[in-house]
Each structure stands twice: as C-alpha cells, then as structure tokens.
Amino acid sequence: MTEKRSHLQTETARQSLKASMDNIHKHKRRKLLKGTVAVPVVMTLYSGAALARTSNITGEADSIENAVFKDTINGPQLLCVFPDPMQTQIPGGPYDLGQFPQATLIQEPKIDLTASAETVLTSKMQQLEECHARGGIMISAVAYTSIMSKTGININPTW
Amino acid sequence: MVVNQIPFEEFHMLLHRQGLRVAIGPFNVCIHTSYKPLIEQLYLLYSHYRITQDEIAEFHVRIVTERSLRNPFKRNIRFLLDGQSPFESFPQEQALAVLEWGINLAIAVRVNHLLLLHSAVVEKNGHVILFPAWPGSGKTTLCTVLSYQGFRLFSDEFGLMDTQQQLFLPIPRLMPLKNESIAVIRNYLPDIVMGRPIPNTQKGTVAHVRPPEKSILLSKHTCKARWIIFPKWIADTPVKIEAISDSEAFMMLASNAFNYEALGATGFCAVADLIRSCDCFKLVYSDFDSVMEVLHQLTNET
Amino acid sequence: MKLDLPPHCQILLNGLTNPACLTRYCDSDWELLIRMARRVKLLGRLGLLVKEYGTWDQVPPRVSTQLTSGLVQVEKLQQLNRWELNRVLWALNDFDTSIIALKGIAYSLAAIPHASGRLSVDLDLLVHQSDLADIESLLVVKGWKHRPLSAYDEHYYRVWSHEIPPLVHAERETEVDIHHTLIPLTNRVKIDPKLLFDAAIPVKNSTIRLLSPVDMVIHCAVNLFQNNELANDLRDLLDLHDLMVFFSERTPDFWTWLIDRSNQLKLSKTVFYGLYFSQLIFNTPVPGKALVRLHARPGRLKLWIMHRLVPLALFPQHPDKPMLSASLARLLMYLRSHLIRMPLYILLPHLIYKSLRKIRFKSRKSRS
Amino acid sequence: MHWRTNHFETLLIENWDEEYTVFQPDSGKTHFLNHMSMKMLIYLDQKPATLEEISAYLAVQFQQEPDHDFQRNIEKVLYHFDTLGLVKKSFVGS
C-alpha cells in the first residue's frame, strides 16, 4: 500500500468514524427487524453444537453487505434462500420460509477478492440478481444462524 | 519458571516422561508427546508459558504416533484426551495443528463454569473489546495485528466470562492464521514469531503465531467488556463502523457461543448484562491501518 | 469373596461412597478422581456429593470449577430430558394410551436421592406394542425424525430389538428411545410387558407413569446385565444401589417383593448379579436370605469368573496407564452381552457387519 | 377454542426498545419476539382468548385491517407458539 493511499484511507476512516459516532448517538436504538411491525415475529435461537434451525420467518437482508457469503475454493458465494412457494408473501417481507426452507450457493459470476472494491461489489450484486431471478432472497447472518441446519448448509465451526 | 528458562533437553524429557504442564490462561494443560518435530515447534511457540508441574491440570492431552491403516510405511499422529481419541488420525506434519485444535475442543466441550463466547478478545485502557466470530470475519488475523500493535491479547477464539463478576479472563493461545492471511501478516508484522506453515489441513494451510510475551505475563489480569464489534473483512472497502441495535447484538452474541444454552438462565442474564454495559458495532474493513485508527479513536473517546 | 480393586479404582470408589475421605485427598488424588469420574459419567454426581457433604469450600479451586462444570452439564441434560418428555406428551395429548418413563427421567420423577446428579442423555419411554405404530406416526407428524439408518440397522431395530429406531425432534437434540418391551426379542429370556403396565404407578399432575419400585429395580439390573456391555457402566450399578437403598427403606417387604417378582418374570439370575455386585461394590444392605430365595443363580465357577471380570469392566481404566487385564475383561463382557442377547446365527453376521462397517468408515475418513 | 399462555410467569424477558429477548426455563430456549408477538403473549396471559379476539385486539393496537390475511398470520404464530410451549389450547368456557 502506498503512503498516499494509506493517508487517504485514514482520512476516510476518520470521517467515517465521526459520521458513525454521530449516527450512534442519534440512532442508538435501531431495530433488528425493519418495517415489520405489521406481523408478529418469533425467532428461536440455537447455539453451540446444535447451531441453528427453526424460525421460518425472516426478511431479506437490508443490504448486500449484511448478506451471507460462504467462502469456497472458488471465492465467496452468496447464500440464496428460497421462501416456501406455498406461503403467501407480504410484499417487502418478512418471508415465511416454511418448514423446510431450501438454500443454494450462487456460483456465478466468480468473485475475485483481489479485484477492486467496485468490481467485487458488482460481482456480488450480480450474484444477488441471479438469486432473485431464481426466486430466492439473501438473508442476514442472524436469520442465517436461526435457520441454518434446515437449509442443509452449515457453517464450519472455526476450530 | 517459564518454558524458555529450561534447556531443550529438559523440555523434551518433560513432554516425553511425566508430561509438561503449562498454564494457558486460567487452565493448566498437561501435554505428553514423544514426537520430536512437535517438541521442537512447541519449544519455540510455547516459550513464554509458565510451567506448572506441581499443580492440578484440567486437561490431559497426548499426541501419539501410529502406523497408517492404509499405508503401513507411513506414520500418522493421533490426539488423545484422557486416553480417549475424539477424532481420527492425521498425517504427522499436522501434529501442532491437531494438538492446538484438540485443546480448543477440550475447552469448548468441558468448561461450563464460565460463559464461553466464540469471540476474539483484546484489551485497551483497562477494558476489553469482543470481536465475535462471524462468517468471513477474519477475527484471528485482526486479532494478531491488534495484539502486536498496542492491544493486550486475551484470545483469538474464546471469550471466557466469569458471569458472577462480569469479568473476562485472558486465555492467550497460539493464533492459527489461515491461507492468504499468513503472507499478509508476514508482510505487515515481519518480526513476530510464527510456526512453519502446515499445508493441507482441514482449513487449508495454517501457520501458528506465538502470542506476545506481555499478554501471557498478564494473563491473570481480568477486565470488564466495554465494546462488542462484529468485524467483517471485505477487500478494498473503506473502513466503516456502525452501531447496531441491542436486540440484534444480543442474538448474534448468544448464537456465537459454545455453551450459552448449557448455562441456561445464567447465560441469558450474562449476555443481557453484557449488551447493556457495552457499545455494539458492526465493522467493515479492508486494511489494518485504518482499523487501528478507528479502534484507537473509539477506545480513547470515552 | 472380597473385592480386589486396583488403587486408581479405589480412589474413585472411596470418593463416591465416603465423602468424608475427600478432605484427605491430595492434589494428585483429586486430579485422578476427576478424570475417572468424568469417564464414567459421574462427575455431576461427585459434585452433588461434595455440595451435600458441605466440604465444597475445602476443595482445590481447580477441582471445584470442574465439579461446577459437571453439575451444569447434568442440570442442562436433565432439563432437556424433562422438556422432551413434556413435548412428547403434548404431541400425544389427544391419543389415549399409557406411557411409562424409564431410566434417568423416571428416577427424577420418583424423587430417588441423588437423581439430580445423574447424567441422562436420552429420553427412554415404554409403550404398548399395539400403540407403537400410532405413536411413532403421531410424533413424526409433529416434527420428530428418525436419524438416517442403514438398511441393516433398520432391520435390526424393527425385527430383533426391543425399541424402535431413535427419534429426534427437528428443532431439538434429545434422542427419544421408544421401547415396547425391556429385553431384545432375540434374547432367550422374555418379559410380558402387560405385567409391567398392570403394576405401573401414575405420577402426580401428569399422564406419565412409572414402573412399580420392584420392576424399576429389575429393569435396572436387566439393562446392566442383559442389555449392556458393562464397560464403564459403573453409573448404572450406582443407580441400582440408589434404587434399592431408597425403596427398601420405605417399603418393609421390598426385598420379598423383589425376589418374588424376579422369580415370576424368570429374571432371577440377572437380578442375582445385580444384587451381588451392588452389595460387593457399594455395600448395599441386601439381606443374606434374599439371594438364596432366587430360583436361578450362577454356578460357583461362573460366579468366580464374573466376580473377577465385572468390576474390571465397570470401573474406568487408568487414563494414562490402561491395564491389559481390564481390556481383556471388557472384551469378554462384550462377547457375553452379545451371546446372551442373540443366538449365534444372528450374532455372527451381526458382529461381522459391525466390524466391516467400522473398517469401511475408517478408510473412508482417512481418504477424505 | 381459546388460547392461553403456558408458564408465562417463569419467562425472563429483556426489553430492547420494543424488541424482546425471552428466556424460557422449561425449554431452555431463547426467543426473539417483536412488539406484536410480545403483545400477543401479554394479552393471552391476562385471559384466554379466541383467534378472533386476539386478532381484533392486535388490529386495533397496530392500526391494521383485521382482514383474512392478518388473522391468518396471527393464527400461524399461535400454532408456532404452541409448538414452542409458549401458549396452549384451552377449552375454558367453550
């Protein structure tokens, strides 16, 4: 990394942090669920060895940054979850994923982490489009831990 | 007495005969092995640990060599916990990785007198920051950098919390870097001591970083938590830190724990207390300099 | 005949039967005691004993943290067991049947002393064979699933076993083992479950039932000396001791009833072993004339052999220095348990299948 | 048919600005509830209620149309609560 770029990043960092800090004090209490007061939601937490299952109601992640990507040998792949086709959906979520939600990893286009941030973001958005085209949604990590073993794709414990 | 205060021959004898007992955070681990390449690696990487031959050890582990079932000319190694083998055998080059992995497993499945969060933990200005595990967080890499740049290492893996006193206990262990992060850290921190890279493990190539001596020396100094940060490494993105809601932080923290459910109401109340006493953030980053900047500002602000 | 135990076993036995002696334990005794108690699922029990005896504060800190961990684990597993039973009864609420709770959960419901320190992993239930299919399908509809089984295992359970393949609810982790009798069908010895249901006792404020005290004791002995392989089963012998001490103190004619029932069910030899080893190892106050009244007892040579082998199998091996004699005892007990469980024409293919599968599993693992 | 809570008094409830984390000692589970599902439990704890009663109450509280879809969502959550052991069916008064 060149010194100039490093300096620039630090500047950005400062501004970003300042913005974040202001944000924190203004919006300290945001919510886990956004725009879903119109339905009752219950999610059950599974942790430890049993790691996650249950909860069938979830919303699409609010941004691509919060979506779950699995690291594979072919680079990160978006976890694309399919809501239960038998359920009627409320536009904008939350979605009922039904009793046995299905999920898949989106493989194309490949995400090259050594490419520029913009390229990576573009590839991620393309994976998301592909997921939407197949009728799926991206979900946040919280929702993920809560449906995990029903999808048959598990996070490897990191040890 | 610390490992590097005894000669290699004595260290070798301890591991080979009665078992070497070392204090790793609040636990004593008794290690037996006669496998020379592992002994050499441990002499280097465990050099700052205190030897506790006369104390009770909570964990008794062994690395033994055996003939491979499929190839009788090849030797494998096996990890034993109290004489029991929790996993299959591995190629002998992986001995260190298997030993470290085995000790983590033993801690994760046996310890219930503390809340065990799955989190990297470092201390600054008398308070700890938790970096809970999170897919793609790169917590070990980040933790390695922080612990050699002015933060005190508690752990890259375990947030050990005494739920009654709401205190975190340091447990500085070797930090296993994976794949690309090995070269990244070599470049960023050229002076640190790292074990030989071990290729073809279940997690790809792994190399173990020796924890800073000072962190081990101070491993009896417990602290309260002040910040909980869910990190995520995304290539080439500018650093961004963002507050998250308490309910979200609660759910993410509790689901990133080894024994949250085993502790029942105690775990629930401990996590609630923790969320109430901490500021909770999401952090997106790509380079260490700017993360460091952000964290210094955060920890000095209040 | 006297009990002759190696020193490490004596450390465990003294710790479990005489908490007073723990105050004299040195660090290395404690360390060994903890490791062995954990091995035979008695760490929580040990923790409970130390608490009850009031010497918790005198225990070395590195020991009390481990005892606490053991107690937390036991408490969690018992809570999971209670909840699983609650949910099973909820799922079967509209179905008119009678269900008997067995083993760990039954000991808690019967308020047997020290039951709260018992490590119980699975939920064991006994149902009428005629209701089995309905119960199984009702549970499957409400979210319980069978673990994936090979065709052989499925066949083994369905045709020869005394229980159906285990069920686990999709959102929980406790295994539910549903039995329709107490002894595998391949066994020469049979039990008529109707006799057990007729004598069963209701539990206050619940639809669940318990075996009568003597049947509970007999089941415990049957499980240990007919169904299990005895290796590291010291906890189960301690269960038997606890049950007999508790019931004999509360029921004056307990021993007479126990012997009569054992004779009636044609299980007197199995019960003999239960009484004999519980008395030998834990000093259970079994009246001398009780043993004599059992219709079937092992011959002198057989008893001498069992006397040598059973304790070696029940107690854990020294974690650092396993003894060859104990390994041999375990192997013999393993073969014995299979020989009494099934005739040779089933047993031989069964053991061959199991060892082949083990080898295949190992080589598959080492390849991946 | 009426619904009522099951051991509501044993629950440990943390309120995070109208989102809730709830510990249920019977099951050992931790649940996340939003404002509306918590209101459901509180309402059912005061007295057993039918699906129609609870739907009508929630529709008013949250300014929703008490139409068929709304009621169906409430019903789904009631059945989900039932499997979790948070509520149970009650035949009082019916």
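Which chain is which? They are A, B, C and D, in the order written, and residues in each are numbered from 1.
The working rule: contacts are C-beta pairs under 8 Å (C-beta built on N, C-alpha and C of every residue); 3 or more make two chains touch, one makes a residue touch a chain.
Nothing here was measured: the structure is a model prediction, and the numbers come from that model.
Undergrad: If you count the C-beta pairs in contact for each pair of chains, which pair comes out on top?
TA: Comparing chain pairs, contacts are most numerous for A-B.
Undergrad: By C-alpha centroid distance to the whole-protein centroid, which chain wins?
TA: The chain sitting closest to the overall C-alpha centre is B.
Undergrad: From the mean C-alpha coordinate of chain A to that of chain D, what's the distance rounded to whole Å?
TA: The computed centroid separation for chain A versus chain D comes out at 28 Å.
Undergrad: Counting only Cα atoms for the centres, state how far chain C is from chain D in Å.
TA: Centre separation, chain C to chain D: 41 Å.
Undergrad: Distance-wise, how many Å sit between the C-alpha centres of chain B and chain D, to the nearest whole number?
TA: So the centre of chain B lies 42 Å away from the centre of chain D.
Undergrad: Which residues does chain A have that touch at least 2 chains other than itself?
TA: Residues 29, 31-32, 43-46, 50.
Undergrad: Would you mind listing the residues of chain C that make contact with two or more other chains?
TA: Where chain C meets two or more other chains at a single residue, that happens at 76, 79.
Undergrad: Could you pull out the residues of chain B that touch at least 2 other chains?
TA: 245-247, 251, 254, 260-262, 264
Undergrad: Give every residue of chain D touching chain C within the complex, in rising order.
TA: 25-28, 83, 85
Undergrad: Can you tell me which positions in chain A touch chain D when the two form their complex?
TA: Spelled out, the residues of chain A in touch with chain D are 29, 31-33, 36-45, 56, 88, 90, 96.
Undergrad: Given the complex with chain B, which residues does chain C contribute to the contact?
TA: 27, 30-31, 35, 38-39, 60, 62-63, 65-66, 68-70, 72-73, 75-76, 79, 317, 319-320, 322, 362-363, 365-367
Undergrad: Where on chain D does chain B make contact in their complex?
TA: 12, 14, 16-17, 19-21, 23, 25, 28-30, 32
Undergrad: Show me the residue ranges of chain B that touch chain D in the complex, using the header's touch definition.
TA: The touching residues are 245-247, 250-251, 254, 260-261, 264-265, 268-269, 272, 275.
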